[in-house]
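Have a look at the structure below, then the notes.
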Amino acid sequence: MTDVAADDLGPWLSKEKIDLVRRLVPMLYLNLVPVKLDTTGQIEAVGLLMSGTAEGGMVREIISGRVLLNESIRAAIIRHIEKDLGELALPQLPAHLTPFTVVEYNAIPGTEYYDRRQHAIAIAYIVPIAGECVMSEDSLDFSWFSARECWLPETLAQLSEGHACVLRKALAHMGHLPSLKH
Amino acid sequence: MTDVAADDLGPWLSKEKIDLVRRLVPMLYLNLVPVKLDTTGQIEAVGLLMSGTAEGGMVREIISGRVLLNESIRAAIIRHIEKDLGELALPQLPAHLTPFTVVEYNAIPGTEYYDRRQHAIAIAYIVPIAGECVMSEDSLDFSWFSARECWLPETLAQLSEGHACVLRKALAHMGHLPSLKH
Amino acid sequence: MTDVAADDLGPWLSKEKIDLVRRLVPMLYLNLVPVKLDTTGQIEAVGLLMSGTAEGGMVREIISGRVLLNESIRAAIIRHIEKDLGELALPQLPAHLTPFTVVEYNAIPGTEYYDRRQHAIAIAYIVPIAGECVMSEDSLDFSWFSARECWLPETLAQLSEGHACVLRKALAHMGHLPSLKH
Amino acid sequence: MTDVAADDLGPWLSKEKIDLVRRLVPMLYLNLVPVKLDTTGQIEAVGLLMSGTAEGGMVREIISGRVLLNESIRAAIIRHIEKDLGELALPQLPAHLTPFTVVEYNAIPGTEYYDRRQHAIAIAYIVPIAGECVMSEDSLDFSWFSARECWLPETLAQLSEGHACVLRKALAHMGHLPSLKH
């Protein structure tokens, strides 16, 4: 197994290395739902990115990324928030790392939690943002949506089905469900 | 049932009313563990009050109090934090109200979760404090303890056994346990 | 305080006593969602009661009830399951009593979590049922619904808005959301 | 990327493949704490394995293992329980996969959560066991310990410090702490 050069063993992986690992084990991901809270802890807004797709379309996204080798989960959360929302976002990390849910993505087309790239297991956190967000150049947009706007079918339809599920679970966990008009 | 005068029906209850309710139903309480977190969410310190006891001694305490009639849990958390730690404490309420534990106190002497006054059920939250704390005049002291100091037997011995249990559960929930020297 | 007769101080309260307590403090409730799980822990069905309403209609319900004075939460969960589903229901109580959500009901008409009787705070548990259920004579019906059936608007419309919210939060917590057809 | 032979891509990995992956990404693990509950959900006992160490000693362990490529978390929990406790163990999987804690192991000697083999992130579950356990031939022993016995220093000293921490967090989460004699 000499295909991995010694100088290639930092936490960042080449496309080739990532592809190799994806063929061997489930990938560990973080799914992060950035939220603005008011002073009583009530949700004011959820932040969603917009990215381009391989097919030339656009898709809204929650923040998602790997934990690197020898990186702590807390450091990885901060790194992903800063990468996508800038260094002034001031994420407020929880005192405890129990995720609000665990998400299993798989590479089988047609399934709800579909990730064409890989089998991935994501631990999901709601991350209050205390500062100001500056969109990274990797994104096409970053916008805040009220909880009510998040539940609109036209909003949810802009996310992949998997990310829409995580968003809806996060909203339900925070006590927000679409109102039922009987 | 005319013993409750109409002008007596605000959320604050007289000693007589409280005594009456205590003889009829379990009392709903909040148990609040104030913590200082660093920028990565790691616990820096836990805040403990000191109060006088009926016997003339002193006891360390976490923050504890009732939810009043028609008061929301969020409003009650803020009220108790402000009452005990001042209006500049800036408690950071969670986006979701799932407690880290539920505690059952009872009035049976000798039990672990003993409350001589009542059967009480407390929902317990860890509350990060972002501001400055000013001790109320009801307290004899308010001090911050590192997680390591909290686990010292001499610290835990200053709390009632019930509050010591809640504190230890909160520490364990935040990932802090006393080190084991094998 | 002689208005409460000594022989009246068991955990069961007369209508008058309950009314008195309701005017003084929030009532502590349990909200219990009975579920059938398969051998891998996946949800097969949720059990819903049907009761008559004061207006002569019918309403589907999750199991709901008080914790009595000096009763443990575990004993109260078992008592309510046995009362509504019979002694052979074999509820599987969790090893830990952390609720999946806390629900705040109030007596203000038009609000989502409306309870015309009272301000109530309910701690909510999902309770797997291992045995056979026998409907109590207090109910008009008890039926099992698949997760998909629970999400149908016509099912949810049969519950009060508050109970529908608890049911939806329980389903989301168990990983079940209505599918999104983009 | 032809170094991985096509017939080598099942979920089970050779020692070489595992070593390669360990040099590239954190490994995803399950930490499982098997428990016996009484009919009210109270913990009766915790099951601990005993294994031989590389140094010729013996160590008590909770159940620990990987999630394989394209395996669901539920299937992996069942597989590891059956492998270590036999096919008649009848693990009762939870309706929701939210772990009670997330554990970060690293390969840095002297740290609390030390795993000499790797950086690993474990999602930890308490798994009630309803059936009979038959020890696998990989183990030297499997025994049930009461919660009180688990907290004894002589018991905890038989586990690695990381596993002892997970065990103590599980006990605290289930409401069990060593009693404090003031």
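Brief remarks follow.
Think of it as A, B, C and D in the order they're written, each chain with its own count starting at 1.
Everything below uses one rule, namely that a contact is a pair of C-beta atoms (placed from the backbone, for glycine too) under 8 Å apart; a residue touches a chain by one contact, two chains touch by 3 or more.
None of the values given here were measured: they were computed from a predicted structure.
Note on B-C: across the candidates B-D, A-C or A-D, the interface recurring with over half of the contact pairs conserved by residue number is A-D.
By number of C-beta pairs in contact, A-D leads when A-D and A-B are compared. Rounded to whole angstrom, the centroid-to-centroid distance between chain A and chain C, based on C-alpha atoms, equals 34 Å.
Our note on geometry: chain A versus chain B, Cα centroid distance of 34 Å, whole angstroms.
Distance between chain A and chain D, defined via averaged C-alpha coordinates, is recorded as 28 Å.
Shared interface positions of chain C, defined as residues touching 2 or more other chains, are 96-98, 100-101, 173, 175.
For chain C in complex with chain A, the residues that touch the partner chain are 101, 112, 153, 156-157, 161, 164-165, 168-169, 172-173, 175, 177, 179-180, 182.
The part of chain C that touches chain B in the complex is made up of residues 1, 3-4, 9, 13, 16-17, 19-21, 23-28, 66-73, 96-102, 104, 106-107, 119, 121, 123. For chain D in complex with chain C, the touching residues are 35, 37, 39-43, 74-75, 78, 92-98, 100, 126, 128, 173-175.
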